[in-house]
Amino acid sequence: MADLIVKDKEVVVPGQVLAKGMEYLPANGTYREGNEIKALQIGMVTLSGRLIKLIPLKGVYIPKVNDVVIGRIIDVGVNNWLVDIGFSNLAGLSLRDATSQYIVRGADLSNYYKFDDYIIAKVTKVTKDKLIDLTTKGRGLRKLDEGIIIKVTPVKVPRIIGKGGSMISMIKEKTNCKIMVGQNGVIWLCGQEPEKEKLAIDAIYFIEKNAHVEGLTDMVKDFLEGKKGEKK
Amino acid sequence: MKKRKDNRRLDEMRKIEAKVGVIKRANGSAMFRIGDTIAVVAVYGPRSLHPKYLQDPERGILRVYYNMMAFSGSGERIRPGPSRRSREVSMVIEKALTSVLDLKEFPGGVVDVFIEIIQSDSGTRCAGICAASLAIADAGFKMKDLISAVALGRIDNDIYVDVTKDEEDIEGMADVPVAYLPSSGKIVLLQCDGFLKKEQLKEILKIGKKVCLEIYKVQQKALKEGYKK
Amino acid sequence: MSIISKHIRNLLKEGKRLDGRGLEDYRKDIKIEYGVSKNAEGSARVRIGNTEVVAGVKMDVGEPYPDVPNKGSITVNVELLPLSNPEFESGPPGIEAIELARAVVDRGIRESDALDFKSLCIKKGEKVWFLLIDVYSFNDDGNLSDAIGLAALAALKDARFPKYDSKEGKIDYKKKTDKKVVLKELPIPVTVLKIDDKFIVDPSLFEEKAMDARLTITTIEDGRICALQKGGEKPLTEDDIDKMVDIAIKKGKELRKLLK
């Protein structure tokens, strides 16, 4: 007898039994052990026909090809850089993936990216051993200038960006800040006024906390305007 | 019915409390309290592991650092620094946590788990594992199950659940910390200090499993509350 | 210079800080809790914003140092736990932790005459009390230094002597007496940072990374300085120090109220 133990949109924790019997199939974030389907993470149950999936409420960043990420230069080599993108391996950025400019042999690569610089890069390769290659050649990819770096849990990034970028655009507009959101949960901001910058940062953390709540867009709008209203 | 010094029944656990997200900088964190024993855990990772020779090219490694704060014990100050006991406790906790974590997604990397005992009234390694499994879940790792643990004991011919320091100090008692995967009842940590008849061990494991399901309910609630606020 | 430091400096040029605070403002939520670890003879938790530290006092009886046969003493240990900051490494206290223990906590308490060490004497030349202070960082969101200084004092305030059987020469840790540790002074450390030509207190993590130099100034109630420790790689002028000390005395008075 098949038994669905949890409801759609219910928040579950690792090991929690979601269904019994063979009728349901485990999908993203769930697994089958014998007669039971169990959760692998803290997440929200999503039923899709016979599939039981989880929308993770918190997650670890696993790089995928074409992810646009924000990374920090950790090491400058002879013809490459090592970049920390918040994963267990440092990512590699080779000279030819960094710039189309002609570089003299033996040139000091610190002239392009030096230690502690932040860059927006795209993941071009993820090997089976999880070695990562990046590129900064491409639209919007570059070294970041003055600003603040904050971190959020990577699974909330889609909510922070919003459908077609709607959420992040709203924040940018209402706070007059430039904002770049990396798929790895690293976010760069730069505003004209510190009060508005703080508002943008607080709004992002607000979304991170309430990502699974219905009507989030309106809540964020109120948050941005309510706070603004307080400022006299 | 036999009552204990603190008026508990033999099969009764002390009051438990759990909370996640207590250390903001960490990737995941949790506090677990049972009676007067308090453990706080922070998880960092997956992150780069150096030096390179420590890396495992096939999977990430888990490192556990269990430590008792200098003023956490009931007697003299505890000299800071790893002791043989703390290293042994770190290792058994590490083995227990590794059984539920899939680290193949982070080859060459490391997940660091720091366990600090703020206050101790026995059962510290069990409190540590309860908090550690919560902290790892709080960090968003994929885990087959949480881990729930409690220390049972045999005093004379009776089985006691969740022994205190006073009970642990009784001459001739057997101290049995045990940790379970709540959804399957599988055991991931089991130690014994003292004499046990086989039937007594079986009894201990049966009771322990039941008690740990109670602990699991509190752990579940703590994780879910972490997302409501 | 990292892009974050650049941004912090540009904000400061206009006298502004990222979280909207004034240059001489501590974070609003400073909380001190006493008795957070029951087995300690005294303990406290201090939170400044999200920065959190826990301190505890254990007591022991032993032979006095030969040059001061009628005085007890303190030892201070500070640990910057890797639990509190991903950049902290595990292992014995590093130089930052040692500096905090010696120059901020120990020196402040000792040089301010806050403790009457003679009152820790049980039997001259034979038995004195030692107060063993341990402070641990739990979450680093900037300004661990001042939080640590406050926590050590709060733990001492919370401390009660355990029962000591002088005949047996044994301490019964399970029995606490009502006898308090008498603190004649409350030496409050205030760390002032210099970034370009601006001075700020209670730095955030980002501001700490942007600092040119810092001065931790420990003062007592009447405004006298009892300990100083300069840090950072850039020099300070006499005028700088003058301004920083004034700030520290003022802020010290405010923080002291929280401990009373």
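Each chain gets a letter, A, B and C, in the order it is written, and its residues are counted from 1.
Keep in mind that, in the parts below, a residue touches a chain if its C-beta (ideal position, glycine included) is under 8 Å from a C-beta of that chain, and two chains touch if they have at least 3 such contacts.
What you are looking at is a predicted structure, and each value in this text was computed from that prediction instead of being measured.
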Chain contact topology (line, ring, star, complete or other): complete
Interface with more contacting C-beta pairs, comparing B-C to A-C: B-C
Where subunit B and subunit C are represented by their mean Cα positions, the distance between them in whole Å: 32
Inter-centroid spacing, subunit C versus subunit A (mean Cα positions, whole Å): 38
Residues within subunit A bordering two or more other chains: none
Contacts with 2+ other chains: residues of subunit B: 47
Of subunit B, residues touching subunit C in the complex: 23-26, 36, 38, 40-42, 44, 47, 65, 69-77, 80-81, 112, 114, 116, 118-121
Interfacial residue positions of subunit C with respect to subunit A in the complex: 1-4, 6-7, 10-11, 16-20, 206
Complex interface listing, subunit B residues touching subunit A: 27-28, 45-49, 57, 60, 100, 105-110, 137-146, 181-184, 219-220, 223-224, 227, 229
Complex interface listing, subunit A residues touching subunit C: 116-118, 144-149, 190, 194-195, 197-198
Sites on subunit A touched by subunit B in the complex: 11, 13-17, 29, 31, 33, 36, 38, 40-42, 56-60, 62, 84, 87-90, 129-130, 153, 155, 209, 212
